[in-house]
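Working notes, beginning with the structure itself.
Chain lettering (A, B, C and D) follows the sequence in which the chains are written, and residue indices restart at 1 in each chain.
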Amino acid sequence: MLIILFLVSGCSLIDNDFEVQNYSAMDEQEVKDVLASDDRLASAVVLFFEEELIVGVRAKTFSRFHKTKIEKDIKKQLKEKYPDLTITVSADSKIKMETKKLIVKEDQEKLDIGIKKIKSLLKEET
Amino acid sequence: MNEKKYAALEKEISPKTPYLRNCIKAFLVGGTICLIGQFVALFYMTYFDFTERTSSNPTVSTMIFFAMLLTGFGFYKKIGQIGGAGGSVPITGFSNAVVSAAIEHKSEGYVLGVGGNMFKLAGSVILFGVFSAFVVALIKTILVKLGVVSW
Amino acid sequence: MISIFITAFVVGGLICVVGQLLFDVAKLTPAHTLCLLVVIGSVLDGLGLYEPLIDFAGAGATIPITSFGNSLTHGAMAEAEKHGLIGVLTGMFEVTSSGISSAIIFGFIASFLFKPKGTI
Amino acid sequence: MVARGLLTFKTNPSIASTGVTAGPLEKKSPFVSLFDKMYDEEQSGAGTNEQGHAKMMEDACMIALSKVDSVPEDADFLLIGDLVNQMTPSNFCAATVGIPYMGMFSACATSVSTLITAALLTDSGFSKIAIAGAGSQHNAVERQFRYPIEYGSQKPETSQWTVTAVGVAAVTPNKKGMPSIVCATIGSVVDLGMTDPLNMGAAMAPAAADTLQRHLDGHGTKITDYDCIMTGDLGKTGFELYKTLASNNGIDVTENFRDAGEEFYGEDPSFFAGASGAGCSSTVYFSEIYAKMLQGEYKRVLLIATGALLSPLSFQQGDTIPCIAHAVELTMK
């Protein structure tokens, strides 16, 4: 497994609150551009792993009304940029929390389990 | 003295309802209950596998449990007296209605008393909730079928 | 993170203020007020407005009784989307069951544990 | 003379003794030192509210009888009432004490309606000892008329607190040195369209004012003839309304106007507008007023007990609250 460990501490690149972890060979600049251009967002965590792209965002207080729309918008934009990846975008703080956990752990063996879990969490409705 | 004249006199002499004070108290009490609910939701999100969406179910159950204890120990009626709607509008008020009726009618036995009267107060909420949900969903389904709106 | 607590407090409080106005100004009994609020919650969900409110205020929108109407409607509509008209009937309690079932269970448990106090 | 509910007793039956029992919250009452028996628990140790209510009534009857050195077998009539459905506590009380019994209901005015009936039976020579009185129990009444006890509904400032108390009197033929019953006025039902069950004082005030007027006109007396004119359970709001109505009728409202409901719990704001319930007027009449008469402080009093004749059903069906007030005049010679 070819891994490029590219730990971006965030502050140097985009905004203070945008955190990207890249375990794949994909270019992450695009995702940063998309997220940075959306002023409805307060913060975000991004995780690239193999064919997966998981984006957990936090919307600004009054943009939370449009959470679903924000998710759709970002997903659409990212799909154009990364047509080959399975993209998961969520404005749910639990998803962001879990994604962040995966990043902090830096344990790549268990990443796919973690990603599966995140996706199953999202599938549950209500 | 006719009814109208007396009604006017009654209005004049009875203490006025303190609208503003009641609203402020309802706001603070109701807001606090929701704030506690948010902490409970955060707890479920942090320590269990619940998302913001799915955490609402366990949160509601937990709040109902809290209200059961408060009702049983005789505190909820104080919250209700101070908070007014702030105590009865949150789901805890629903729980208070169920629990207070259940323990009140315990003296008539568990089947006829508790079973028969538990939803004496809260039953109407379920009835109107279910029926309005039925009507709303029916209208929406028909509108979707007609192509006026989409899901 | 903090902001969700503020919005929960404010939105939850405001819904209760609506209830208080129904008590005091419209002179409705608690039962009438709660029924009206449940119906309002249900209609708001039909218009697609309640879910955004939950996104905005979290527990501030899920704890007030209006969310009961919302989740009943939500369940009914979700099933209707899958199964058509018959889903309106079958889906009703899919989402809300937790509130009702815990009220029933805890209410029954309470009847074993407590008796009315009747003090001030 | 009997005309349109106006009664004058020829033999002036006496109230030979009284018995007053009350629940735990009533310890806050300023009249507590005059109550005969207090319970530490709302149900007076019985299993249910209604059984506790009945026990409280039995105890009150026994206390009143023992004060005249009598046993239940000596008593000729038991006239008692309460607010619970079908007056079951009174019925169970009567079953235990075994005195020939008639249950009477005039809501919270039962204290006076039973006293009048007992005086009539005594006056006509049919009775040597008749027990008259009324009682109420907070939990039993609240759950029937309003909500479960632990339900958190907001009570307005006009609402009144149903007392847990029973007051009975033993009515005997005239005895020297005992307060005696001179005349009475049976009230007619007055309904001025009030519908709020949490503002009963306002509903009852017109009935009280009406009966006061009829008593004064019918028996040809003046306000100044009385040392005290005490209404039953109008509460703070109802009492104000009643005084306004009386002064509108040209009656001089003096310091002698008192209301048992307003005074029952003192100034404690947690009881809102004051006390109510059939036990409220009966306990205050048969403790505070009775004691003051025995001491000679009051020579002549007019007791006007008021009752709201509503049921949970009539209220839910949107009916107004019909109200009644009965008056009885006591003198001490």
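The rule we apply is simple: a contact is a pair of C-beta atoms (placed from the backbone, for glycine too) under 8 Å apart; a residue touches a chain by one contact, two chains touch by 3 or more.
Please read these numbers as outputs of a predicted model, since none were measured by experiment.
Taking the mean of all protein C-alpha atoms as the reference point, the chain centroid lying nearest to it belongs to B.
The greater number of contacting C-beta pairs, out of the two interfaces B-C and C-D, is seen for B-C. We define each chain's centre as the mean of its Cα atoms; on that basis chain A and chain D are separated by 75 Å.
Note on chain placement: the centre of chain B and the centre of chain C lie 7 Å apart, centres being C-alpha means. The distance from the centre of chain C to the centre of chain D, with each centre set as the mean of the Cα atoms, comes to 45 Å. Centroids built from CA atoms put chain D at 38 Å from chain B.
Listed for chain D are residues 143, 148-150, 153-154, each touching two or more other chains. Annotation for chain B: residues touching 2 or more other chains are 17, 22, 52-53, 56-57, 71-72, 74, 83-85, 88, 93, 99-101, 103-104, 121. Residues of chain C in contact with two or more other chains: 4, 23, 30, 55, 75, 116-117, 119. If you check the complex, the residues on chain B that touch chain C are 17, 19, 22-23, 26-35, 37-41, 52-53, 56-61, 63-65, 68, 71-74, 83-86, 88-95, 98-104, 106, 110, 114, 118, 121-122, 124-130, 132-134, 136-141, 144, 151. Contacts from chain B toward chain A in the complex involve residues 45-46, 49-57.
By the touch criterion stated above, chain B contacts chain D in their complex at residues 1-3, 6-7, 9-10, 13-15, 17, 22, 71-72, 74, 76-81, 83-85, 87-88, 93, 96-97, 99-101, 103-105, 107, 120-121.
Partner chain D is touched in their complex by these residues of chain C: 23, 30, 116-120. If you check the complex, the residues on chain D that touch chain B are 47-49, 143, 147-158, 192-194, 199, 202, 206, 237, 240-241, 244-245, 248.
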